[in-house]
Structures are given as structure tokens and as C-alpha cells.
Amino acid sequence: MLHDAEPTTKPTTLKLTEDDVRRIVREEVELAFKRDPAARRASIIASKGTLDWAYPPLILATTAAAAGMDTSIFFTFYGLNIIHKDSARKLKVDPVGNPAMPMPVPIPDIVSAMPGMVPLASRMMRSRFATHNVATIAELLDAARDIGVRLIACQMTMEVFGYSEADFIGGVEFGGAAAFMSQARRSHVTMFI
Amino acid sequence: MLHDAEPTTKPTTLKLTEDDVRRIVREEVELAFKRDPAARRASIIASKGTLDWAYPPLILATTAAAAGMDTSIFFTFYGLNIIHKDSARKLKVDPVGNPAMPMPVPIPDIVSAMPGMVPLASRMMRSRFATHNVATIAELLDAARDIGVRLIACQMTMEVFGYSEADFIGGVEFGGAAAFMSQARRSHVTMFI
Amino acid sequence: MLHDAEPTTKPTTLKLTEDDVRRIVREEVELAFKRDPAARRASIIASKGTLDWAYPPLILATTAAAAGMDTSIFFTFYGLNIIHKDSARKLKVDPVGNPAMPMPVPIPDIVSAMPGMVPLASRMMRSRFATHNVATIAELLDAARDIGVRLIACQMTMEVFGYSEADFIGGVEFGGAAAFMSQARRSHVTMFI
């Protein structure tokens, strides 16, 4: 009977055994994990408002988006500085309290706390990055928007810090922690920066 | 015989083809990813011990728990301050070394380093949050415990900093990094704050 | 025909119904989620370059690797200090700007900003950890390499800070943010420290 039926039947209509089904399932599941939707999403929080810490969320988000991932940055607390219209003036880097910041000459905190050291350190950091062809924060923000990174300002901290929607650059969305979490729980890459 | 049997048979007893099986598998796998257990878990590390950085882990954890996620906060290093019985006195905010902290008037570090500036900045931050109806740290801790967020103190850093279990608020569990990691590896949302 | 064939057939060649297939699929999918490859990977960014913040990435990475996870640390920005050959001298802890750092006696910032306080605070932190049998940074780096944690230095920030490959300890790899992201998107545990 098998001998008769098989040659004239299309392979897909053969009677499947449980073993066949388990093999098919394993193939499909392996494929599904390769296409795992969470692997295509990155949800990043930018909470710091100094020049040096403005780079990592923008570099990581544009890297993720360039790899085809749906990417969001949620700007909260001091991180709101990064998308503020006046960010060029607001983003400063302070050598005080950060002994890891490479300085040409070690400077004790009592000296680096002098008026004038914050602008000096900020200028040094900007020029160091420019010399090495790293994009500026403004260029990274442009790149992020061009490549489809969603920029979301945290409404609660906007209120606390007295900002209004008009204070931020174009293309910024406004939302809360709950909206961020509903995307983050579907993302493999979740980072608080 | 098939000809006779089919009309009177329930559809589920029809002979399935490999195509049928693949369709069923894809439906089931898509459903499974929507129910992905990792999307229902958030594992957060709270490592900072200042007033401003006490808010993000508690706000994010209560947000996740309110969305039905199994949520844990692992308090380690300076983050142990947040669940210390004496947290109201321990959690301070220091304007020195944080040029991003919005101050009514820009103050150079040499001035903000004067005795008295830490209490002043801490009072300012507390009143700013209170004015905007943001819960206090004590209220957020209560909310977190009410909604089932697990609060876990890192035993290793407790020993290093000389704390005992009696130093912490009620409802805190005690555990190590390995226990945290065994939950974090099953969570989409993992953050180090 | 069925009547003849079935009794003499192995159970796995019985005709499967759609219900059978769905049951098999659910079993396989549940198993697959337990073996979820993302649960076996941890991708950690180490961005801070002070003594205190050198501990968390190394402790978490060795914990993850000890649990059998494929673990990488991407050292970027000030985090490059941690894998620098001269890390013992570079990793310092600064009490200024961190009111959470436990000091035997509270010291206002104007005093802790005095020359000499950074070495004192760093010595205190080292001895506190040593007293409590916490491994040193050098020991944790050795443990990480022994257990197979990949240590990756960020090429972009190496250039910005003027480091060359020879500046780093043995066993360090060199790569970019894109390479890090391609692993992180396949990892449940992703943290920016």
C-alpha cells in the first residue's frame, strides 16, 4: 500500500509522524529566535546632562538604528539638556569629581574647582573629539533623526525642571515612563545611561 | 474509504500536510513571542546613593510593576543608602561635579564647594519635586512594596560598608549578585542605574 | 484500510490531528524559551574610570560567566582606565561630588577638594574591600579572563584619548560599537555601567 501511494503523492501530503512534526517545529522555532523581534529593538535612557555623557546614548542609538533596529532614546532628568535648543551652551564637562577624566597635567580638585575650569575642560573635550573626527552632539542628533531614532522627552522631569515643549529641538516627542517601559519590555537592548 | 470518512469527521482529524504543520507552528510561535516571559520581567540595579539618582530606579520599577511585570531592584554600592532606615538624612544631592544640575543662578564649583551648599541643593531638589507632585523617596518605596517590587540588598557591599540587616527598612530581602543575575538573564528590561 | 494499518503501526506514525500538533508545538516552544539563547548572553559596557565604578562591571561579568553565560565587557570612555596596564595608578576614587561615599566623618566638599584627598579616599576604598575579602581589580581582571569573559576596548575612544593597543593588558580585543551592538541585541542582560 505504501508502495503504491508514495510515488504518486506530493511529499507534503504524506502522513506526518510526531517525529516529523517535532523536527518541523524545531526548525521553525530556531528561525523564529533568529528573527526574535526583541533583537530588533533598542530602548535607551539618557539621564546625564554633561558634554561627555551626551555622546554614549547618541552613538549607541545611531549604531543600533544603522543595524536596522527600532531605536528610542528617552531623555529624562539632566539628559533633557541634550535635546534642549540651547544644548551647545548647556552641555559642559566638569573635571571636578571625575578623577578619570584625562587631563594633560594632573590637577587637584581645589584647582579644578576654580572659576573658569568648566569652560576650559568643555573646550578641551570638544576639540579632542573634533580632532579625531567624532561627530559633534548637534551632528549626532541630526544623524539620529535622519536614521529614524525616536527622541522622547520625559514629561514628568520636564515639568519638574520647568521646561516647556518649545524648549526642545524639532522632531522630539513627549511621553512618560510607562510609554518607555511598554517598548523596553519588548527590547533586548535596554540601557540606562 | 477516505471519501466516506471525511465528511463525517471533525476537521482536526483530517490528514495534516507539512504546510499545515508549518502554518500552525508559525501561529503558535508568534503567540509565544507575544507572551514571551522575558517581556514580563524587569531587573534593575540601583548603585547610586544621592537624592537625585534615588528617583530613577524607584520610578522605573513602580512603572514596570504597574504594567504587570515581575520587578526587582538590587541595591548595591552607594545604592544601599536608598533603603537605609536613615535614608532621609543619607540621600543628599551635591551640585559639585554636576554642571548639569539646574541652579537658579550659575555657581562656579569653588562656591558650590562651600560648606552648606549640599544641604541647600538637597532642599532645593526635594521642594522642586514636591511642588510638581512627584512622590518623595519614602512614598515611592512604599508604593514599590505595595505593588510587589522586590527590594534586594547586596550582601557583599553591605559587608564592605559595614551595614547589618537591621539597618534597612522592612520588606527588604538580602542576596548576592548571582541571585540577581539568575533573574536578570530571564528579563528583557535590565538596567544599571 | 485504516483499520488494517493502524494496529500494526508504531504510535509515531498514527495520523496526527491539528490538536496533537498544537500540543507538540507548545511543548517545543516552552522548551525553546527555557533554552532561549538570549538568556545565555550578557553584554556589559564599562564607561567609568574610577576605582569604585571599576568593580561593578567586573563583578557582574564574572558572575554571569560563572553561571555559564557568554559574557563581554566593552570598555569605552573613562572605562578604558580599567584595562590599562597602568590601571593601579589610574583608578582613583574622588569623594568630591559624591556625597554618598561613606566617610568616617562627614567632610564638606571644600575640605575634600584639598590636594591629597583623592589618594586618601582611594586608599580607604582599597583597604575596605581588601578587609572584606573582595578581590582587587587586578584579581577580578584575571578571574574574568580565566573564565572566558571577553574584554573589548572601544577603538573610537582609544583614538580620542590617545591610547594605542600596547597600552592595554594582555587578552584585550579591540572593536567598535557596531560589533558590541551585534552581540548585545542577542543578549537579555545588557547594562551600561
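For reference, chains read A, B and C in written order, and residue numbers begin at 1 within each chain.
Note that a residue touches a chain if its C-beta (ideal position, glycine included) is under 8 Å from a C-beta of that chain, and two chains touch if they have at least 3 such contacts.
Please read these numbers as outputs of a predicted model, since none were measured by experiment.
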{"item": "Category of the chain touch graph - line, ring, star, complete, other", "value": "complete"}
{"item": "Type of chain A:chain B copy interface by residue overlap (half), same or different", "value": "different"}
{"item": "Rotational angle, Cα trace of chain B fitted to chain C, multiple of 5°", "value": "120"}
{"item": "Distance between the centres, which are taken as Cα means, of chain C and chain A, whole angstrom", "value": "18"}
{"item": "Gap in Å, rounded to a whole number, between the CA centres of chain B and chain A", "value": "18"}
{"item": "Shared interface positions of chain A, touching two or more other chains", "value": "15-16, 21, 25, 29, 36, 38, 94, 96-98, 113, 188, 190-192"}
{"item": "List of chain C residues in touch with chain B within their complex", "value": "1-2, 15-19, 21-22, 25-26, 29-30, 33, 36, 38-40, 42, 52, 55-56, 59-60, 63-64, 66-67, 69, 94, 96-102, 108-110, 113, 128-129, 132, 134, 188-193"}
{"item": "Sites on chain B touched by chain C in the complex", "value": "1, 5, 11-16, 20-21, 24-25, 28-29, 32, 36-38, 45, 47-50, 76-78, 81, 90-94, 96-98, 112-118, 156, 159-162, 177-178, 180-182, 184-188, 190-192"}
